[in-house]
Amino acid sequence: MKDIIAKLLKIDRRIIFLLTSLAILIPIVFYIQMPGLQVTESTKSVYNALDSLPEGSTLLMSFDFDPSTKPELYPMADVMCRHAFKKNIKVLAMAFTAPGVAIAEDLITKDAVEMHKEYGKDYVFLGYQPNYVSALTEFGNDFYSVYPTDSRGTNLQSLPVMQGIRTIKDIGLVMDYTAASYLDAWVAYSSDRYGFKLGAGTTAVNEPSCLPYVQSHQIVGLLGALRGGAEYESLLHYNGLATKGMASVSMGHFLILALIILANLMVLAQKFMKEEEK
Amino acid sequence: MNIFKKTLPLAICFVIGVLSFLQYYCPHHLSDEFADVLNDHMNIIYFFAYMLGLISLSMANWGTIKRKADGWGYSVLLFVGMAIGIISGIAAKGEFIANNHMTAYGWMYTYIYSPLQGTMFAILAFYLVSCSYRAFRVKSKEAGLLFLTAGLFILGRIPPGQWLWSQIFGTACGGISGITEWILNCPTLAARRAIMVGISLGSIATSVKIVVGIERQYLGGTD
Amino acid sequence: MTFSAIIGAWVAAGLTLFILSFLYRDNPLFKVAENLYVGVSAGYWFTVYAYDVWVPKVWLPLSAGLLWPILPALLGITMLFRLHPKYAWVSRMSFAYMIGYGAGMSIPVTMTSQFMKQVSSTIQPLVAMSGASVDFSGAALFSIFSALVLMIGLLCTLLYFFFSAEHTGVLKVTSKMAVYFLMIYFGAAYGITVMGRFALLYGRFAELYTYSSGIYFYATPILLLFVIGFMIKFKGKKHDEPPLTEQV
Amino acid sequence: MAAATLLSSARLYAAPPADPALIDRPYSVEGLVGMGMPYTGGGVALLKWSAMPYDGPAVKYKIYASTTAAGPWKEATTVPSNKNYASDIELPFWCWSADKNRHAVQVDLRDIFPIEQKAKRDKNASARANMIEDSREKDEREDYFIKMCKTPYYFKVSAVAMTKQPDGTLKPAYPETDSEVVSAVPAMSLFNMPRLNNFLYSLGLIAIFLWFISHAKKRELFIRRIPGLDAVDDAIGRATEMGRPIIYQTGALDMTNVSTIASTMILGEIAKKVAQYDATLKVPHRDPTVLPVCQAIVQQAYIEAGRLDSYRDDINFYISYDQFAFTAAIDGIFEREKPAAVFYMGSFYAEAMLMTEVGSNNGIIQIAGTDIDSQLPFFFTTCDYTLIGEELYAAGAYISKDPVLLGTLRGQDIGKIVVVAGVILAVIAVTIGTLCGWDVFNRLVMDPFNSF
């Protein structure tokens, strides 16, 4: 017994690494429902904003982030894209950061293939816009002066997906996914001025600085990191990347706690046995 | 020669140091201009310093290849990586997207650079677990306090943890999130502030020594 | 899925697994990823500097006939004299310039953000008023208690860094308290970081999982098998030496 | 309801109601003064006028600006009348009177009289042509701004009462009546008076440091034990015995950063010891500006130790600017070369634990010191010794026992005593001030501590 404890206390780190991998991997592959997730008001209002849109209206998604914050923002964009497709809402995707274009194409293509949606009819990639201030200002006057063509060079106005859209005010809901200050620009240069529905998704670090916009009703709601995504998914009853992510992260936390408790129990047992020997 | 080798650098350091110090207190247009110009200068000097680093790295690895030292093939690989970065970058003029298509540079960033960076960063999660197992053992009262607090935060940051806490201990004191919030805003903040105040004193002392030229080790050499 | 995205998935999944293999032990696959990473990052940052600094701040102004970049460029060039031992001293000019700027500028900024702001937000009245009378409600007393803890914690921890006297007498008590405060701080900072790191790891694993699907031609499982096979074979070898152009 | 209270307050002001002039002009603006906003970089005007009895949620002040006394007038801004008092502008008592009976509004003239927009540029113009154009525009903007700061601008203010119409819109209840016209020159200031306390503290600290430095040589100064630094000799000794290298890291930041400078000072001392013991030193670098400085420092240390023969230029080597590329390479070095001791001195970020955990797994003696407080827990749990914050700056002095360096440590301690005393006294003072309801007294106590 004593030997086993001594051995366990000096266990090969690689076994711990394996346990960590499993803790993260199992919820990705299998569905695990974690208790305790409470849907916040601001997530609920983003959900309602999209859910209340009539069939055939439009969701514009702006992918303003890069790979470093992808784990936190990709899942929420994914579930919203699925929600829109499910409700037959058209999806437009754009990006103010260059790597965001690749992320958007990857995400929406995957969802579209799965849900049998057609490019040009149900969704479109608008591409990258380097100068976001002028683009945001111009959106309210003429959408097509910012994006005359889609990212593949087709005349945008000729695509069926754009029917009935002249300015950004004709879009049902705009979502900005960002880890930087793009939300400030969206609010200041566009939504405050033209008064369309704007929602946002952001990282855990940025959440406090974005919350005031929700309180002042400048944005309809805010999704905060993986947790916000998971809340959204629970509203949609969908086991997506965020739910899996929250489960993964929670499993990791519990693994650490279990290991700490185990190690300390073993140390105590060791002490106890030593005293007994005396 | 001593004037150029020693006096001139110290004089430059003193003059620039004093001016940068005073700049903070002067709202005048010229003072702002001075700060902008200096900032630009630092960027430009930094570019050359970066070139120095690049040359130094290349020379070291070139030496390895030339000597055919152990594992010289890896140094070749390093140059291959460097060539991928530089050639794709120059060809794309530093843009990830051109004419709405991902450039080779953008491809390199998305599929080589960021997975490598992200994975290296993510390895931290493994180390956090193994370190917790090894280091968080009650050896003393102090160590106990450390891992108890860490444990509270590890539990209190996840929804199932909060749920578990409320099932066992109820929601007194705002539940576990209320307790962690207080720890964060009170004892933790106190220690952090004290560390910062101490650092500020040490940092100002070092800065003063540099500006007045007492600390001149950065010059290197006595001649 | 475009062809370049599929190739990209294979490259990304492969490099991710190569790096992760280090967790098992150091091995040639990790060395490949490591050296490629150092090389690619050197090239990447070169491009970033070239197009963020060199082109807009030196090259274009000079070619447009503006003369102001000459001084910083000359100072920058002195940096390169470091490569020649005899003229290394020339580089001191640019160092004096940089270091003087850094030191001079940091005094007032540090004074504001790390000294005054931290001290002033610790000074809170140890009494709460409701109207003209003293407030003795639980919430008010608790906030006073918090303010007191904050102040005592700050003062004790500050005295812990006192260098001119050994930690005896009063200083022994305060530094003991300080250690408790520091431990709580370290524990809290440790605990908070865990979530973000796990989210990152989840991101990597989720991407590997995505790349394991048919549209990517099963990149992850195939590469994983390759890595495992390599590690077994590598371990089977007597020497732990990396095989790539290794001298025996 | 709102309109009713509004009317009653207007009547209150308009008493006696018999005066027809007052009924015609119920909302006059009195005591208007204009000046350039002090303590700013120019381009901002400050307008002050008396608080009026009718100030309330329904009344707004409209501010008009012009380049001549006669107009034409441009509407600059509209502000609510129950806010924007002089006391709402947060400036310290030594340069601002926080008057509750005066309105004070800052008007940024750069927004109201912007430089005229030039015709749109040719989109296909070359980068070079754009650069010339940019530089010309920048000069023009600057000239325009400097001229602005010397020109008088004219202002007038009028109070507008808004009442709710049946359809829900707000409309002015009375025609606007203007105040008299005042002028202001939005000049630039030379000294930011609100930062006076910061300036005095800095000068005071500098004086203390310089005094201790100049008096340092006269007597021995005591310094308390720092356990992490006592372990330095052991670590170097062990490395020598084992014949394995010692690795020294200077952190992530460049040479302009104070922690890096402190780290290079420690490197000098450690390199000297390493040279004396004849052990092997390796200094990998992340920042290119630190590399040449450290080369010079290490060389100097070897000269001072009399071991120039064992100095090699590749003791210092550059790896990568990239945070995690550097870390990957360091982890590789830890695994392959199995160093006996590693020093981490300077600023470290997320990479800290990625290195220390591999180090601790390889049984390396690790001594860390950082001023990045978020990384302290990770060093603390994985390293043998950790210098916390300020101890990093003290380390150079501690190892070298140089009287000048020790002198500044004494200066830092004086600073700490002042802070401790200041905080205790200020807390007592504010507590008394709050008990007695002396708001002005509390402001007098707190302003010197606040940064503006």
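Every chain is named by a letter (A, B, C and D) in the order it is written, and numbering of its residues begins at 1.
Please note the rule applied: contacts are C-beta pairs under 8 Å (C-beta built on N, C-alpha and C of every residue); 3 or more make two chains touch, one makes a residue touch a chain.
Remember, it's a predicted structure, so these values are computed and weren't measured experimentally.
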If a chain touches chain A and chain C alike, it appears here: B
Top-ranked pair of chains - ranking by C-beta pairs in contact: B-C
Farthest chain (mean CA position) relative to chain B: A
Distance from the mean Cα position of chain D to that of chain A, given in whole angstrom: 33
Centre-to-centre distance between chain B and chain A (centres being mean Cα positions), rounded to whole Å: 27
Where chain B and chain D are represented by their mean Cα positions, the distance between them in whole Å: 18
Rounded Å distance, chain B centre to chain C centre (Cα mean): 4
Multi-partner residues of chain D (at least 2 other chains): 195, 198-199, 202, 205-206, 254-256, 258, 261, 289, 292-293, 295-296, 319-322, 324-325, 328, 373, 376-378, 380-381, 388-390, 394, 409, 412, 416, 419
Where chain B touches two or more other chains at once, by residue number: 21, 24-25, 42, 46, 49-52, 54, 57, 102, 109-110, 116-118, 120-121, 123-126, 128, 130, 134, 136, 146-147, 150-151, 154, 157-158, 192, 195-199, 201, 203-204, 206-208, 210, 218-221
For chain C, residues contacting two or more additional chains: 19, 22-23, 31, 33-34, 37-38, 40-42, 44-45, 79, 82, 88, 95, 98-99, 101-103, 106-108, 110-111, 115, 119, 122, 151, 154-155, 158, 161, 182, 185-187, 189-190, 193-195, 198, 200-201, 203-204
Contact graph of the chains (line, ring, star, complete, other): other
Pairwise chain contacts, counting only pairs that touch as defined: A-B, A-C, B-C, B-D, C-D
Residues of chain C defined as touching chain D within the complex: 19, 22, 25-26, 30-31, 33-34, 37-38, 40-42, 44-45, 56, 60-61, 63-66, 79, 82, 88, 91, 95, 98-99, 101-103, 106-108, 110-113, 115-117, 119-120, 122-127, 129, 132, 134, 151, 154-155, 158-159, 161-167, 182, 185-187, 189-190, 193
Interfacial residue positions of chain D with respect to chain B in the complex: 39-42, 142, 145-146, 149, 188-192, 195, 198-199, 202, 205-206, 209-210, 213, 254-256, 258-259, 261-262, 264-265, 268, 285, 287-289, 291-293, 295-297, 299-300, 303, 314, 317-325, 327-328, 350, 353-354, 357-358, 360, 371, 373, 376-378, 380-382, 388-390, 392-394, 404-405, 408-409, 411-412, 415-416, 419
Touch list for chain B against partner chain A, complex: 95-97, 100, 102, 106, 109-110, 114, 117-118, 125-126, 128-130, 132-134, 136-138, 147, 151, 154-155, 157-164
Chain D partner contacts - residues on chain B that touch it in the complex: 21, 24-29, 31-32, 42, 46, 49-54, 56-57, 60, 116-117, 120-121, 123-124, 127-128, 130-131, 134-136, 146, 150, 192, 195-199, 201-210, 212, 214-215, 217-222
Chain A-touching residues of chain C, taken from the complex the two chains share: 1, 5, 23-24, 194-196, 198-206, 209-210, 215
